[in-house]
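Below is one structure; the comments refer to it alone.
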């Protein structure tokens, strides 16, 4: 019995174990070798990831508050995998940082929060997970204590987030009021399209829109990405966004699937505005992190197309896209972090002539950016096309028109960065950087992922088998 | 004949370019492109030995993404075979022409072969998704080839070119997705060309899908008024990239217009054909007149490509079988001819360091081989019998004239008028740059073509002459396919 | 039921007053307080719904308790960050904190 | 019926010579001339043999010479009925043209060995010459109108290459371009004509076209006549357009402007291409389609008037020119005008076809004496190193043989009996007299002018004054043997060609027609020639003041004629000032600024939009939250009120 529960909650339990161990280390052996700790952390992430491959439990706990099944396992292992990549990417940076242990404590807490959020079967659990995934993240965003921007970004994030949770909670209270329950299943059954419950639904949507940084709820994103340490920006753009999307789809499809007609237009509009505004801002950015932030906003807009489709294929392509997006974005951010660590430069203009001095880094960056742009043969092409196709199968033609035009604009700014690296001349280029082994591993994994995932159909088939529609 | 070889060989070439060092890349690229040419020739002969050509040849279909009903479905008909031949010839020539690239040799050849790979894949695939994949594969190579190895305002041109082409392909994408939607509504969603052609769409559906698909592809084939990427792109691109752009890439557009847009939506195509014809005629004459004004010979050829590709569009829109055959012939002919033209212009530029026709002069005396090749290309361009251009243009004209009404007739006559303007600008270019007294002292000691340049030009000239003197097999082969495509 | 509507009106008002406060105040601590107002509106909602409509279960009340707890945690982190901001900017006026923009 | 397939060697030999000399000529410069000449000799012998076999051995079948298809191979198929066959057709005019072309071509090849000796691009010259011969021969044996168009273009380009042979001379470059472009413009008419004709006659094959169009009651003919555009039937349009093509190649007014300039080419080339063979292609084209033309009087009238006008117009200009090659060029144009209007006045059946026969006959004789004149002029230029009459005079002592042959040729062209020109010209005038008196009068006047300017030319070169050498040419007079021999052969041909009973062999409908000398017309023609000759002698035998007085008496007319009636200037104005400045330049501007500007505008608008909305990301949390709040409200309104 207890083993069954442990098996059901294996991610959470293992992560919790890691947190406790880290705390114990913190308390008892302050002087422990930094490499050993980093090794331990990465190892435990690996263990968590590995745990997902043993068996496929299906069940619920705490009276339906906590659910687990294959889909959720997949989603969790995806974000764990991304976290592992980010952890490896951050290793070099953390070695020179005094509070690396706290970093991991917070990171694991966030991860646990996300696990619970994804697995939730009840709005209470969902809310707890959400806050647990947000509040430590704000602390992480402020982790570069000495940099003025880090604090500013974190401040904006925590305040926006507080406002957003207030709205979300207000929505939840209305839902509770109209349906009499917080349980997903009951809410779904009792949901009537009264204006109060619809108001509740829309406030809930707003909360999600904030987490996935859809326009106009996105303003904190760019500032926070730019301000926070690269690893946290990566985490925000990949894991945080991914987890939010996972639970978003789950709730939207499972709980509000019946009132598809009600939210589809709002979602369509949200998607259109998000990609357009994201693009318009991305094209004028000078800071590479800020640029990637707006690019990630645009990507969220594309993902929303598939969300709006409400089909099984749509969900599969979202998960698939997020997987590809992890590889692409982590790849791009890893290059940024390598350069930022060594030189502290993070303006696009600093990348001028990068190809001359660091050909491998520039090629990796180019491939990652092209994958974000959705240009073949990178996996991004497949991801993006699947998103659009799932929209097409529902006939969201207007949205598709906007999306394809936006793809042209986005190609423009990705290529602009490529141009800067490959074509522009620089009197004073970034010197040749021999990157840390762990960063190299991340880059290699990302490149292999970017270049191969699109062609391997079994990955998509696997995801598809675990997906569901309305 | 296993068609996948046509993708496998360039892919292997790409990989081998990655793993050899430095200058060996060009050897790998050359070897790969020759093997590809051989394979393409083998395919051509196997196709000609087939008895039944009423359906796709060497068809192969593997499920790729079952959930979307995306299949790796490939197969060829005469049109695609012609295009593949064209691509492999231009590929060999392009590699040869770039033999002496000093700067980033490996990357250059990698991108060059990648560009061709996209074209090969595009021509053999029958599934719209797969086709679109290969269609877009060329984006990066195009951009980087121009932006890194180009000259002049290269970044601007590269960006403009890629964005305009991307704009075109986004229109195509919408069209494809629209088809997907309608096929999903009708039962099974599909990307397959064959399946989609069976789909019966309503008038309105056809009417909005067609302009997207057609104009999307037409951007690539430089139809007026979407042609402005061509002059900028070509004037900045390195020689081989220009050859590929005009010789292969533009053909992707024409092929798409014919084999996708018109094939899938014949009804709407007929409805829209008057507008397309008007645009094509404007493009033909306007391109020719703009060419008249140019003194940069590369720019001149870029604009003349606009004019020549107008014939492709015209032939397609004229909707007679002969005109369509003519359009295909024109694609091949223009592909080889313009590749030759750009190649020789590049070679001359390497020596004289100017592309301004009026700064040259008397080059025939110092480099007879290159000048002769230039003249051959020019004569092909102005449609001299014995070269490929004549065959293609005449087929378009005769085919166009089979339409009985005055509108089509007048359009045809308008289009034919361009042959005079073409003659004027070609002769003008020959007159100012190759003939006349030698303008600069240093030109007198310029060397003539080297072995690789001779080989490249030789292969292209040979193709032009073969097509120009023995066109029957080719036009027969193509017309059989058009008959099955547009019964 | 009449009571409930009355109380709901108050909670709605409270919510929007909180939002208004958040939007108009420039001091970051005050903004945080405004959020607390909004959260309190939510709490009232939960309690009221639970009491009047679904008295058989305690969902709403539990939720309220969790909200209060988490609000405290949130405030703690937020204030920590605001302190950090004050160290850097020598101000907690949000108008001064706009180095990251556009 | 004998197998004529060996005739394809007439085409193959020059083609092979072209390829060999073109590809390997550099390595064996001396050989290429000999190779070319031998090749053409072979081709000429083959043609003679064909002529012998065709006319004398096989002879008539059922009273007419049969049309033999010696070779036929489909080259390109447009539609089931429209296809280009590469074929060799043998009928009287084709065989006659074979003889003419190979003969003159051989003469020119031979002559060039001496004339072009020491030239740097000697081998290239011969390869171009062979290319021309190949194309011209292909043209005359064409069985298919499209085949003819193809070879038509090929002769055009060989002419272009040969005119531009001295490519370092800007004037030669300009002339070559002009020659090609003007004829190309006319070819546009030809092409359009082919399109129309082929559509209505449902064939591209000459025999089928003729067969279909001669069938008065067939649907094809009726359709072609019924379909009309701007009140003119489709058939008439087609024929007129085709005639435009012919007029371009044959330098008829107003497409004549390229011909005088084309004299920039080497003189043997002028003899071959711009006098004897290529320029008569237009006449040949009309003759080839003559059965169809004879159905459409309107089209034939156009041919007639254009021909007559050109003949007269060119003759006037020729009287004023001082460059000897230009005089000859205008004389060529004038003579071709003769041939044209002869066709125009002709009918089809039997005796009515006199004009056709006369035209072909004149084509034949003209080829001989005009080639002779040009080669003679070439010899003179070779010696004097100048084209200007003013630099010559009194050359008879220096070059007696050239003097004699030139004299013979001048007599022939002036129509003095019993030289060949007399017979053909007399026949033309007779035909014109029977058909249209005005044209006849013009023809007569032209004959007079012809005699005048030819003898003016002759006298200015060989008499008029004592020759004063300019520079180094004192030591030798006559050209080498390779140059003299062709002159002599052509002189003999010029003298005796007239006695061939031409009308027995060549006639419009293929039947044999007795030709007579009509005493009245003949004497009028001779009288006209005599007047011309005598006035030339009166003015130019010795240097005197009379020419000056006459030219000043004519004043404006003289100047206008000297300036070639300003046709060139008009063309230049239209092409440069109107087409180039008002179409090409604005088009280029529009392309850069409007069409391309649109694209740049889209980019600029996007950039501006991006710039103008940047302020919403103000960096202040309150504004962020403001947007957030507004967004939340709007979103809820959308959902709640189902907008």
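When the chains are written out, they are named A, B, C and D in that same order, and each has its own residue count from 1.
The rule is short, and it goes like this: a contact is a pair of C-beta atoms (placed from the backbone, for glycine too) under 8 Å apart; a residue touches a chain by one contact, two chains touch by 3 or more.
From a predicted model like this one, the values you see are computed outputs, not experimental measurements.
Here B is the chain whose Cα centre lies closest to the centre of all protein Cα atoms. Contact count check for B-D and C-D (C-beta pairs in contact): higher for B-D. Separating the centre of chain B from that of chain C, both taken as means of CA atoms, is a distance of 64 Å. Chain D has its Cα centroid 36 Å from the Cα centroid of chain B. Averaged C-alpha coordinates give centres for chain C and chain D that are 96 Å from one another.
Chain A and chain D have Cα centroids separated by 78 Å. Counting partners per residue, chain D has 614, 617, 619, 621, 625 as the residues that reach two or more other chains.
Of all residues in chain A, those touching 2 or more other chains are 155-156, 159, 163, 167, 222-223, 284, listed in ascending order. The set of chain B residues that touch two or more partner chains comprises 163.
By the definition given earlier, chain contacts exist for A-B, A-C, A-D, B-D, C-D.
The part of chain A that touches chain B in the complex is made up of residues 313, 316, 370, 375-377, 381, 385-386, 388-389, 391-395, 397, 400-401, 404-405, 407-408, 411-412, 415-416, 418-419, 422-423, 457, 460-461, 464. Within the complex formed with chain D, the chain C residues making contact are 19, 22-26, 28, 31, 94-95, 97-102. Interface residues of chain A facing chain D in the complex, by the touch rule stated above, are 155-156, 159-160, 163-164, 167, 195, 198-199, 201-203, 205-206, 209-210, 215-217, 219-220, 222-223, 262-263, 265-266, 269-270, 277, 280-281, 283-284, 409. The touching residues of chain D, when paired with chain A in their complex, are 606-607, 609-611, 613-614, 616-617, 619, 621, 623-625, 627-628, 630-632, 635-636, 638-640, 642-643.
Note for the complex: chain D touches chain B at residues 74-79, 82, 146, 149-151, 153-154, 157, 160, 164, 167-168, 170, 172-174, 176-177, 180-181, 184-185, 187-188, 191-192, 195-196, 198-199, 229, 580, 583-585, 587-588, 591, 595-596, 598-599, 603.
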